[in-house]
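Going in written order, the chains are labelled A, B, C and D, and every chain counts its residues from 1.
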Amino acid sequence: MHAPENLKPLLQEILQQALTVNDGKVADYIPALAEVKADYCALTVATLDGSVTSVGDSQVAFSIQSISKIFGLMLAMERMGESLWERVQMEPSGQPFNSIVQLEWEKGIPRNPMINAGAILVSDVLVSHFSASKSALLSMVRSLCHRENVGVDSRVHESEREHGARNSALAYLMKSFGNIEADVEEVLDHYFWQCALTMTTEDLARSLAFLANRGKCPLSGKQITTHRDAQRINALMSTSGMYDQSGQFAFTVGLPAKSGVGGGIVAIVPDYGVIAAWSPPLNSFGNSARSMAMIRNLANRLGLSVY
Amino acid sequence: MHAPENLKPLLQEILQQALTVNDGKVADYIPALAEVKADYCALTVATLDGSVTSVGDSQVAFSIQSISKIFGLMLAMERMGESLWERVQMEPSGQPFNSIVQLEWEKGIPRNPMINAGAILVSDVLVSHFSASKSALLSMVRSLCHRENVGVDSRVHESEREHGARNSALAYLMKSFGNIEADVEEVLDHYFWQCALTMTTEDLARSLAFLANRGKCPLSGKQITTHRDAQRINALMSTSGMYDQSGQFAFTVGLPAKSGVGGGIVAIVPDYGVIAAWSPPLNSFGNSARSMAMIRNLANRLGLSVY
Amino acid sequence: MHAPENLKPLLQEILQQALTVNDGKVADYIPALAEVKADYCALTVATLDGSVTSVGDSQVAFSIQSISKIFGLMLAMERMGESLWERVQMEPSGQPFNSIVQLEWEKGIPRNPMINAGAILVSDVLVSHFSASKSALLSMVRSLCHRENVGVDSRVHESEREHGARNSALAYLMKSFGNIEADVEEVLDHYFWQCALTMTTEDLARSLAFLANRGKCPLSGKQITTHRDAQRINALMSTSGMYDQSGQFAFTVGLPAKSGVGGGIVAIVPDYGVIAAWSPPLNSFGNSARSMAMIRNLANRLGLSVY
Amino acid sequence: MHAPENLKPLLQEILQQALTVNDGKVADYIPALAEVKADYCALTVATLDGSVTSVGDSQVAFSIQSISKIFGLMLAMERMGESLWERVQMEPSGQPFNSIVQLEWEKGIPRNPMINAGAILVSDVLVSHFSASKSALLSMVRSLCHRENVGVDSRVHESEREHGARNSALAYLMKSFGNIEADVEEVLDHYFWQCALTMTTEDLARSLAFLANRGKCPLSGKQITTHRDAQRINALMSTSGMYDQSGQFAFTVGLPAKSGVGGGIVAIVPDYGVIAAWSPPLNSFGNSARSMAMIRNLANRLGLSVY
């Protein structure tokens, strides 16, 4: 594998190449996201020796959106242990366009914690088990990325609530099956808040490096999760992290990954490091077109597939 | 990792432990499968140095059923190249119980080649592109496992045809969307024939070792597929190889795998080798309860997850 | 046909016979309904000459629940005219158990105003078009049944709100498709309030007699709706008024009808009159077992099918 | 009501008006149907006094297609009695576009005998209970319409078989649930044959007059079915006879009716007679645009709704 010192020019080349990709469209379901400049582009690699190599807008914080599902899940796994899996499955979901159909068929048990229904369920766990679920999550995230001023975009948070009718429908449907314990509005508030966390690609790469390092943070040496739980989170990302392109991403890239509609994607390379990419325009599946291209090219160049 | 010479006692221990698992029920939808003795049990590991270590009934040939989907896919990928993926997707399927629902929604394009609809589509490709699709497949399989007398259980083949109404429905539905080119009955005949191939765990482990070895057969040194195609097949198995337990298998074991209702399961360990297990009784998902237990235990003991 | 003066002994006989039916179970999803005495039983016939014949508990007011969908629809038809049918269809729904599936497929346009989703849509129309939708509806109902003290059971209203997660899911799903204009909580509040109206079988029979009389109230001689609109409401009840037993009710009885989970059912006999029945225990489809039996027997005895 | 002697000029006027409707497209899924001249147009009324009044191409025989479902059902009801309803329901189907989804959910029990799955089930009953199901049906139809040379278009029959993949899928799916007893190919052959019956509007009106006459043929005075069974068939047509426009047809016309993709529609007016119309171009629901217009206009002019 490439030694980290040689990474920078390679990342630069890959970022330049990505800028020629002109597919996609910035998420516009809420104004606060629609206003983000389409030409932001960042690529960061954090390797297990602790080095972090970045090109582009890697210091600009953006709305991490669904990437926050990983953080929520970590906290819920820690708090609930195995019993979490009685309330959410770990199977890929198929047909993303009709998540509500699946939820109906499976009596309010979401398919996995990487889809909205599953992350709302996880939010219910957090709201029910922590006296202050937001600050519990925020302090975990700040500690993971070693930066105290990770914040939340309150305009995005507000907007999500106003435009979140579909997520409300998912939550109420789970409630009707008895699979939401707390007050639905409080659960949704946590969920929308969590989606509005803002981080840079460097924050993301650093904070998730433990997933590539058998559960241990390479910077602090702290064991964040067990090796087994790190593998399990990677497994969930592999089958379900990229919306309805998860299979295609496994097929063409072969790395556990999670994307968000803010344009960010993180990919885990076990025993190597983390790749984090950001570019706002999304393809028709809701994944950032340029971020996907950057990660695919980098993985191919470095031969990084797990398969 | 364990050196191969130490494997035998470990496999023996794992097989003994598996015999205490008493879940499951031998497939009984056709008499020819229902009559197989429930207490057969075999475990084989083929490593990349060419050694093959087995315990239990590893010399008994059994009906490989859905494991044959890998062989059919290989032949279709070779023949069609990238254009294959216009007729079958590469996404996990979710809701297996209603594969026909999914096929209807997605206008006759199956979700992936690891589910029945996808393998019937692959059979259509083979029937349409080979003058003798069965012998083309059989000679590929014989060559892969270095055994000339790999055969087909003609009773199983006949029975499958008689009890295959659901597969017929899938095939006719794809035909109605224009996604089956050949005669439906001929396509189904190939499909049912392919499911009736009989192999031992040793045959399976040997024949699929190239998938763990970047596409190259470790015995003959022959490049069977490109490295990239080997990774792609592994990716498909990872997201879709274990029916509606694929996510759970990734979560608990973390290896690309494919099971069949004959009770066999193969798991690929990139850069290490292949594990093949067999025990007829199936759990409620259609996966062999003991084969799953053996592979999970072995993977955990040897630390073999890809994640 | 029977002359009205001979009806009483016949109704008495039919009510006695119904008391031998012991299927069903009182609705228990909210305490306020679960507490209603199971052995209440009432049968009323209002004919077009203005006579009203009753047996049993015809003076006891009960929760009319889904029968209120007729009143809501009348008001929305009056206010919106033909444009109402751009936001709700007029087709039977099939598969009642998955109304949410259908709503997803049909992009938030409910199948008809007789199912919950459709009646919630109608509530949105009322809330959006009336400054005080509840009092508008209440005064219409009071005027229709010529009784000023028709009221609402506020305990039922509160309970419905607390246990209405599924209806909330339907409302938010429609909102996510842009088919709810007003505030979702306000729409649901109207809907749950409307379900909590309490009326007697005599109130119901009297208030809907115009549907059997070409739109004209036989008591006041007032034209309530056009003949055409009376026929249209009857048509909607015929195809969709009895939940997933609508087809069976048409097949075995052959009259437009609407039932509610409070145990009430009204059936319209064009050019003859209205039958209203009440008995709380419900069959598995949510229809009152005894009310169905009474209406079926009376219709058969009097030869009242429209077909 | 209009006396029959005055009908002809009214029918003439209505047919002329219909000719100005230019929506729709002749069924083209099989060549034999696609070749039918688009400007054929016929309208017939048979009243219970035995008179038959026609305008347009009422002597031209056309492919009755799904209208044959009524004849098949009559024969199956006669043969099976109440036990028929254990194998097919009597509920409207909703979502016609996914009949196969519904069949999957409801475990191979079709929603009603007016949709394809239900009529294939009925064909299974006929094939299983008659030594010669085709001639049994043909002689019933000939006797009903008092014309011995009613025939079958063998080109249509052949074409339907060749293009009937979707119907094959429905049949095999029901078979997989154990709800088809005979050989699937034989069942489908009967079904496709039955769809290929050719009749004129006069044949249709005459042959179904018993449905408007309490089960008795007004010409021969013969009791064809019980009054109750005539009402039941009318009820099924009311809720399910016009594909996914059944609700709309009830709403706007209010008569039991059945249409076929050959362009024919029959409507039953209890205690009055039968209206039969024919014009090949179909609207997007598969119903003849002009036939619908003619029946709607005639019903409105004569005030013929059942509601």
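The criterion applied here is as follows: contacts are C-beta pairs under 8 Å (C-beta built on N, C-alpha and C of every residue); 3 or more make two chains touch, one makes a residue touch a chain.
Chain identities (UniProt): A, B, C, D = Glutaminase.
A quick note: this is a predicted structure, and the numbers were derived from the prediction, not measured.
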Shared interface partners, meaning chains that touch chain A and chain B: none
Joint neighbours of chain D and chain A, given as chain labels: B, C
Chain separated most widely from chain C, comparing mean CA positions: B
Chain C and chain D, separation of their C-alpha mean positions in angstrom: 32
Whole-Å separation of chain centres (CA-atom averages), chain B against chain D: 48
Interchain centroid distance [CA atoms averaged], chain B/chain C, Å: 56
Per-residue multi-chain contacts in chain D, two or more chains: 98, 105
Chains grouped in pairs wherever the two touch, ordered by label: A-B, A-C, B-D, C-D
Residues of chain B that touch chain D when the two form their complex: 98, 100-101, 104-105, 165-166, 168-170, 172-173, 175-176, 184
Contact footprint of chain C on chain D as seen in their complex: 89-95, 98, 102, 105, 111-112, 230-232, 234-236, 238-240, 244-248, 250-252, 254, 256, 270, 305-307
